[in-house]
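Each chain gets a letter, A, B, C and D, in the order it is written, and its residues are counted from 1.
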Amino acid sequence: MVNLNIDFNGLKLKNPILTASGTFGYGTEFSDFIDLNRLGGFIVKGTTLHHREGNPYPRMAETASGMLNAVGLQNKGVEVFCKSIYPEIKDYNTNILVNVSGSVVEDYVSTAEMINELENIPAIELNISCPNVKEGGMAFGTSCASAEEVVKAVRKVYKKHLMVKLSPNVTDIVSIAKSVELQGADSVSLVNTFLGMAIDAKTRKPKLSTVTGGLSGPAIKPIALRMVWQVAKAVNIPVCGLGGIMNADDVIEFMLAGASCVQIGTANFIEPDITIKILEGIEHYCRKFGVKDINDLIGALDS
Amino acid sequence: MKKYIHYFEVIYNTQLNTDYYLLKLFTEEDLPAIFPAQFVEVRIDGAPNTFLRRPISIHDVNYEKNTITLLIRIAGEGTAILSSIKSGEYLNLIYPLGNSFTMPDSDRILLIGGGCGVAPMLYAAKYFMQFGITPTFLLGYRNKESILRPEKFAKYGNVFYTTEDGSFGEKGNVLNHSLLNNEEISFEKIYACGPEPMLKALSDLAISRKIECEVSLENLMACGIGACLCCVQNTDQGHKCVCTEGPVFNVKNLIW
Amino acid sequence: MVNLNIDFNGLKLKNPILTASGTFGYGTEFSDFIDLNRLGGFIVKGTTLHHREGNPYPRMAETASGMLNAVGLQNKGVEVFCKSIYPEIKDYNTNILVNVSGSVVEDYVSTAEMINELENIPAIELNISCPNVKEGGMAFGTSCASAEEVVKAVRKVYKKHLMVKLSPNVTDIVSIAKSVELQGADSVSLVNTFLGMAIDAKTRKPKLSTVTGGLSGPAIKPIALRMVWQVAKAVNIPVCGLGGIMNADDVIEFMLAGASCVQIGTANFIEPDITIKILEGIEHYCRKFGVKDINDLIGALDS
Amino acid sequence: MKKYIHYFEVIYNTQLNTDYYLLKLFTEEDLPAIFPAQFVEVRIDGAPNTFLRRPISIHDVNYEKNTITLLIRIAGEGTAILSSIKSGEYLNLIYPLGNSFTMPDSDRILLIGGGCGVAPMLYAAKYFMQFGITPTFLLGYRNKESILRPEKFAKYGNVFYTTEDGSFGEKGNVLNHSLLNNEEISFEKIYACGPEPMLKALSDLAISRKIECEVSLENLMACGIGACLCCVQNTDQGHKCVCTEGPVFNVKNLIW
């Protein structure tokens, strides 16, 4: 038997497979295809203090081995989440994380405070890296000072596991990671999407209503992997790695680079049952290569 | 309604004209109940630019033979790959997706399809026919050569045509057809699918004439199952997902 | 007839198609496949003051719709270039640019000085963005201060067209572009490769001898295009766009985003005659869409 | 030597055993002169992870029929796609690439191939035979079942085998074969291709016995034409490109 349990700085994961915010709805969208209870956890949609309609369509463009999105944090706001959505999902036997987004520090704080009250939500993922909202999001994640400010404020009110999601659109992701660690983050997740753009040569128009959007999918994997490797070496809190993961080998690579767990994002769109296939692939890998405990892979890159 | 991921074997792939192909697909699994205007998400393997699945309407269903039929128009790389698939090969489908046309109260219903928008109308008619409803079709094409499966449509209702060049049926687009412009003929409900400008014009007409009208919309989709929120349509209740809260919308709710 | 001529801040291009440094050797590697005289120009390998052996192998890894390289500026040094290589290529009837790289400011300056003497080299491309050399390269391109320093120093000795190649591994590429403009750059080219990484899950080893390397190819196109769009809006010097260009539509997209000319990089490896195919594709596009002068496309995004 | 980009039609694709396929390819263009150990760069269409071409040795050439033959071992996605290509389909090749084995002075030459490394040896022998040279082959395989095209090799020289399990020829790897360990038999020159550990051991042996030895190396290639400098091998003259200054190196110049 292979041990897949991971103690992610207090968060008990039955395996390293989580799903990425904004790509997995509220989990229930996938219950026709997989048993959600088998996941290490899932992270629900970006949730903001107030209801948001998101950006106008078109919100999506396909690119080589990837896609751009400009959803813009469409969600019904944290109150509706707590009242109507939480009760529907709270009894899954897995870790449910809420991805908390905002445009001003106070919004992050108020949202986190409300989520803090939800018994079956053991952690939030603080999204300081959304490239798709004008007012902020990514802006918080692209300088140490602003990242510190928001993490510090949220840390005061949020008592459970605080994961901070980093933006890859920076010169030096390591120093941002260190800043949020200093302010008491329990873990970091990386990466969010890369700011990109697509144009229709025929119509001469941008393919997204917002011109730019967030790039995800296998195209970004090599950059994401490099960032995880750099950050994992530099901080003492654990790292959740993501960006373009499509199969079990990809997960192993992120773990070897230093991630203690991973998130599956865009891949869910193509194979709604990919998480479970990957989980089985990981078990297969461990058996094949004699790995008895998945923890042995974390940071085990032979370089 | 439960969704499935199944492999389908290609029974045949027939070219209907320059741009259109008919794919008959068989699965060993039991087909779930499928409703009119529902669609599938086909995985396109083998090209870096067709990373995401492609949404395609369910054109026909045969529960005895466990087959579904798709009508494909070559629009780009993904549909081009589909058009070249050979019998015996396999396609991976997520289905059945989306809501569906609602049941009418009478058989004074008109099914309007423009170009590729005729695809869902065949199965819609077949479906309604189970309930004793015989629809009227109004199908718009560019010219006589581009008319798709006329005998097949004729089986399920009265068919009227428009062609842009007048080479068959009435000249013009479906909006110009006398059926719609004859105050004598009244329809309880119109169901339509086709290019957005056509649907918009139809919506104006239906609203002004107080005819119920449901349209099946297209949108760019990443997941097809309501998870990504990429495929939104603006409505009087805000952004709605075309893949789960559509593709069918009552025109009175749409904000185009 | 479509006009494809572009006046790129004094540099006369017969068409907007150049080739990217490090992907086109010294041009002659491609003479079996294309007529080099038909190009708008070509940019030879990264050239340094001294001979460099480059990095150990493996130097290459394939990724989804892209590749990582860790060549590390292998070249024989500027003296050998001037004495042995330049005479072999100088008579091509196209613009030959030398990509000048270095690890300290003085090396850039000395190299640029020597190239300045070569009559048939109308421009250099200052590479302040190579991610594959430890000592510097990219470090210059990731802060405004260091970018300014090297451009200022080279500007003093280099009298012809000075193009500066920017790194995409930054939070704010626009401010770097503005800095180099301020120091007298005649144009900017972007992007160089993204710092990435690949791991072999089986052997647990990095796929590159240097662990990290530069990501190129279609995977990066959406990010490169966004950066070109941002920079072209912000500076008054012209922009040369690159990153994942594979076909004529890609070129049109970069031009609509604001590039006045482009470079073809990794695509040359897969189709050594791609430049000419793209050139013909652009002519076809212009005829089809009634574009009489290619200059009309520059920055003509309808947003 | 001028290089070409040509389309080739697949004449046949035969599976030789679990991992190996033989592809015969025809082009309408005139074949240029091809030298032993040269290779092609095949474009692999239809998968995002096989973005770059794949280098494959030229296994055989028929100038009358304008065909070349490739021996493919499934190593990953790209070679798997090649293994499933069907006759009548087309492959895009850049060729002929690389330097080549140099001419020997006598026919006391030994061609050593290990596994997939046997690929270039067939054409090498055929090429040398034009000059009246009949080589000796020493081919190493895992077991009897994995032996490739024995009759074909037998046409061009004396063939000796080793198998790891001893199921055919001598047991062990090529280095263990009595041919190489019999002081009576002397070869003027050895040509070899195969896994790196085998080539290294052979190199030590050749150097210590003062036998000329040329090896054809593999390396990861992005361009195949000397433009990218990705495929370097360390030598006594510094980094050399395997694609243009190789794949053939005299072992005395190699720094492994």
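Assume a contact is a pair of C-beta atoms (placed from the backbone, for glycine too) under 8 Å apart; a residue touches a chain by one contact, two chains touch by 3 or more.
Everything quoted here is computed from the prediction, not taken from an experiment.
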If a chain touches chain B and chain C alike, it appears here: A, D
Separation of chain C from chain A in steps, with touching chains one step apart: 1
Separation of the C-alpha centres, chain B versus chain D, in whole Å, is 55
Distance-wise, how many Å sit between the C-alpha centres of chain A and chain D, to the nearest whole number? 47
What whole-number Å value describes the gap between the mean CA coordinates of chain C and chain D? 36
Could you list the positions in chain A whose residues touch two or more of the other chains? 63-66, 217-218
What parts of chain B, by residue number, touch at least two of the other chains? 48, 51
Chain touch graph shape: choose line, ring, star, complete or other and state it. complete
Which of the residues in chain B end up touching chain D in this complex? 46-48, 51
In their shared complex, chain C is touched by residues of chain B numbered 48
Chain B partner contacts - residues on chain C that touch it in the complex: 64-65, 218
So in the complex, which bits of chain A are touching chain C? 63-66, 68, 142-143, 169-171, 194-199, 201-206, 211-212, 215, 217-223, 225-226, 229, 244, 249, 252-253, 256-257, 285, 289, 300-303
Of all residues in chain B, which touch chain A in the complex? 2-5, 43, 48-53, 94, 219-234, 238-239
